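What follows is a pair of complexes built around chain A, which joins chain B in one and chain C in the other.
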Partner chain A sequence: MAPVPYEVVAKRRETYDTITLELDAPDGFEFRPGQFNMLYPFGIGESAISISGDPAKTDRIVHTIRNVGAVTAALHRLELGDYVGVRGPFGTAWPMEAAEGKDLVIVAGGIGIAPVRPAIYEALNQRERFDQFVLLYGARTPSDLVYQGEVKDWRSRFDAVVDVSVDSAGSDYRGSVGVVTRLIPNAPFDPDNAIAFVIGPEIMMRFTVTELRNRGVPRDQIYISMERNMQCAVGFCGHCQFGNLFVCHDGAVFNYDAVRSYLPVKEV
Partner chain B sequence: MSTTPLLLTRADLDRMIEILSERGYHVVGPTVRKQEHIISYGEISSTDDLPIGIGDEQEAARYRLVERGDGRLFGYVLTDTSPISFLLPSEAVVWSGKKSDNGFETAEMAAPPRLAFIGTRPCELAAVAIQDKVFLGNGHQDPTYAQRRAGTFFVSVDCTEPGGTCFCDSMGTGPGADGGFDIGLIEVLEGDDHYFVARSGSDEGAAVLSEVGGTPADDGRVAKAAAMVEAAAGEMGRTLDTEGLKEILAGSLDDPIWKELAGKCLTCANCTMVCPTCFCAAVENRTNLDATEAERVRRWDSCFNFEFSYIHGGPLRPSAAARYRQWMTHKLSSWVDQFGMLGCVGCGRCITWCPVGIDITANAAAIRARMEEKAHV
Partner chain C sequence: MSEDLDITAELGRHSFMKGVSEEVVTRIGACADGVASWGEDEMIFRSGGEATKCYLIQSGEVAIEVYSPGTGSRIVQTVSRGEVLGWSWLFEPYVWSFDARVLTPATAIVLDGEAIRHCMNDEPNLGYPMMVRFARLIVGRLQATRLQLLDLYASRN
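Let's look at the complex of A and B:
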């Protein structure tokens, strides 16, 4: 599958190491919340980057990118009017239909908020499809929080519960401090009628699942999104294998039941 | 497709090679590489290029060419790498492009050569069927593989003298080929009576065979050839019990036995380089010096390489035990979930070419024993 060039039409700095790029999609670009693209700064390399925009707005492709390697550094160097190659969308999606009529609980850690933001957009834009909406968002420090303006807007809604916690902060920080999993015991949702979307570092997801299970959320109502080395995105290169799964096309969004036997095993 | 087997001579095989060349195929067959002391696939122009009278002894971490003292053309066990290294080359450009005003333009790719393989072993045909499933039958189609695969022609030769590391009988892939060939051969040499029993497995195979000619095979010779293949099933150097193995391995991930089994492993990746079903590849992007032209290259990679599982922060499988476990459980367990078949054809190359002689059949038996012992405690 050949990369297709798209023009960068907006670039926003989110944090000290994270930007959001908007690409112009004149012919439309459809995707489902949770899917990803392979982004190719010409000649440099390709990286799997989740789509972080609103799935209802098909004239833009939006990616939030943390600068962690050669390719993401090149993506950070892109300016308005530059082009970037895109292959996609790939992978499975957050099960928005399965969440209808239920309390939707989203737990995101760090940059993990980006791949779940399309689901947040869809849920808040079509709020009547769901019962409670709960977003628990954690980051290492206040300066690692992305989408701060938007998170404030979401928090100000009367029909959404949005709670934010950071692992550590200076004494001048007035928000809640502690790992995001500590927000789960008191979050307002009915475990018997809840569905949870969990995304973040693997260790955070494991502890989040434990807390959700402690609240009584059934295993099969928990979905998590995995990250692995991805080079082809179509099941040919083999790098993303996680047990019997190809994260690129069996995931990245998995029902917890599909991955739970592998999660506790070291070096799968 | 002809149902009556034909009898071919060495001269008929030469004619077959000529006909395949005339039809536009690059003909590839086993050749002796004298410098490296191996039998390896290479381009051939006549039966003179085949390893006439040369055999190979294969054991764990051991490979030696031997003079057979006869005139058999296919008297060896297995080449080092399989036809897969032609269908899935160790390096292949899968995309290239040029910078343009609107970002970049994708260049047209040149068509790959059409290949005819002479001497393909039944386990190798089984490996091709596995790769077909990976690259053509799993949701996405890989154009690079599809293009090469579409033009291939296989002349298989059934096995009558299995090697020391062979276990195709355990895997149900040999020693005789059930299909997957265009022309299937069995070589028989008894005294001065040297012949090939041939049957076609495709329309093109039948067309080539009818051009070659040959004579209808007599029942006696056909029966003799079939009996030799049947007898070969009992002469395998190794066996592997696949009964329930998928589940046993899937339940073994946490077991400390992996550390023991991989204790000798050098993570050299030899096994994955010679394995005909290994398909993992790295995708590399390269440019010219002024970055106006770029190409994307697919290069063989191995789950034994340290950086194979790298994500920002570090590789996810730093230990040799985890990498060995990934490789072996993939072949004999998770492959079934992914592709509905086992990922091992029993060719034994990984055993032969492992520099420290790690044996997948012995290790499968060891894990079976350990897990059964655990179940009874």
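Let's look at the complex of A and C:
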């Protein structure tokens, strides 16, 4: 599967190390929330980057990219009019249908908000499909919070509960400080009728699942999105093997029950 | 400090007391000073001060801060509705370790620390369930602090 070139038509700085790129898709580009693309800045290499745009808007491909290595640094250097190679979409999706009629609880940590943003868009655009909508978003510091304008808009809605917490802040910060997991005990949802999407660093996800379980959310109602070194994206190369699963092919979104036995194991 | 409220009923509705028997709630209610409210930026207590009260937050957001010469104050955690502010009244030398500053107007049930200590000490049927709750609270804060120390969201490159 060869990369298809797409033109960069918008570039936005989200934080000091994170940008959002919008690629023109004149023939349309359909995907499901939670899926990812392989992005190829020509001559540098490929990197798996989650799609962070609205799935209802198929004329643009949106990616939010944190600068963490050679490929993502090259993606950061792209300017309007430049082209980038795209393979995808790949991977499993957040189970939006399974969440219908239930309280949808989304817990996102750090840049993990990007892969789950399409699910947020879909849920808020089709709000009547779900009961409560709860988004708990954690970041390192206030300056690490991405999509700040949108998060503010989401917080102002009467039909959504959106809570944000940062790990550390100066005394001029007016928001909540502490790990995102501490927001779970008092979040307004019915654990017997909730489905939870969790995404962030693996340790954060483990502790988040523990808190959700403490609230009484059944294990099989929890979904997590895994991150591994994905190279081929079609389950051939084995770089992203996780136990008997391939994250690129069987994930990246997994039911927690399917992967929970691997999570505490080193070197999986 | 409001004294008109039914403090026992207020206490029974607070998350921290969930699962506690009515009898224990009534006994702890007898140790309450009432419900207090604070405005933005008011200090509830300061580091080094005598720790005599326990605060069960009902509304608003309170910052637990530490001051470092040269870098100023840092917020190490905030507490809000359903959470508990302060446990230094429980252990000697009963001195606050941090500052508590109100970020958004807050109300809290205020319990008298010394009175609760005596109750918990004299009445094991009350002391044990309360101590379990405070231990759970402290373990939760310890785990949260460990996660903060791990700096989970930091770049690894």
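The rule is simple: the second predicted complex is superposed on the first by the 268 of 268 C-alpha atoms of A that agree within 3 Å, B and C clash if a C-alpha of one lies under 4 Å from a C-alpha of the other, contacts with A are read in each partner's own complex, and residues count from 1 in each chain.
Rule of thumb we're sticking to: a contact is a pair of C-beta atoms (placed from the backbone, for glycine too) under 8 Å apart; a residue touches a chain by one contact, two chains touch by 3 or more.
Bear in mind the structure is a predicted one, so any value in this text is a computation, not a measurement.
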For this session: Once the structures are superposed on A, label A:Ala169 by its partner contacts, choosing first (chain B), second (chain C), both or neither.
Result: second
For this session: Based on the superposed arrangement, let me know which partner A:Val68 touches: chain B (first), chain C (second), both, or neither?
Result: both
For this session: Could you say whether A:Glu46 touches chain B, chain C, both of them, or neither, answering first, second, both or neither?
Result: first
For this session: Scan A:Val234 for contacts with chain B and chain C and give back first, second, both or neither.
Result: first
For this session: Return first, second, both or neither, reflecting whether A:Asn186 touches chain B, chain C, both chains, or no partner chain.
Result: second
Exercise. Between chain B (first) and chain C (second), which does A:Val209 come into contact with in this model arrangement: first, second, both, or neither?
Worked result: neither
Problem set entry | Touching partner for A:Val259 - first (chain B), second (chain C), both, neither | neither
Exercise. Residue overlap on chain A between the chain B contact set and the chain C contact set?
Worked result: 68-69
Problem set entry | List of chain C residues in touch with chain A within their complex | 15, 61, 63, 65, 72-78, 80-83, 101, 103-104, 140, 143-144, 147-148, 150-157
Seminar exercise, completed: Touching chain A in the complex, chain B uses residues 95, 97, 99, 102-104, 106, 134-135, 138-140, 142, 250, 253-254, 279-283, 285-287, 291, 294, 296, 298, 301, 303, 308-312, 316-319, 321-322, 326, 330, 333-334, 337-338
Exercise. Along chain A, where are the residues that touch chain B in the complex?
Worked result: 1-3, 5-7, 40, 42-46, 68-69, 83-85, 227-229, 231-232, 234-239, 241, 243-244, 246, 249, 262, 265-268
Problem set entry | Residues on chain A engaged by chain C in the complex (per definition of touch) | 17, 66, 68-69, 109-111, 138-140, 144, 165, 167-171, 173-179, 181-182, 185-186, 200-201, 203-204, 207
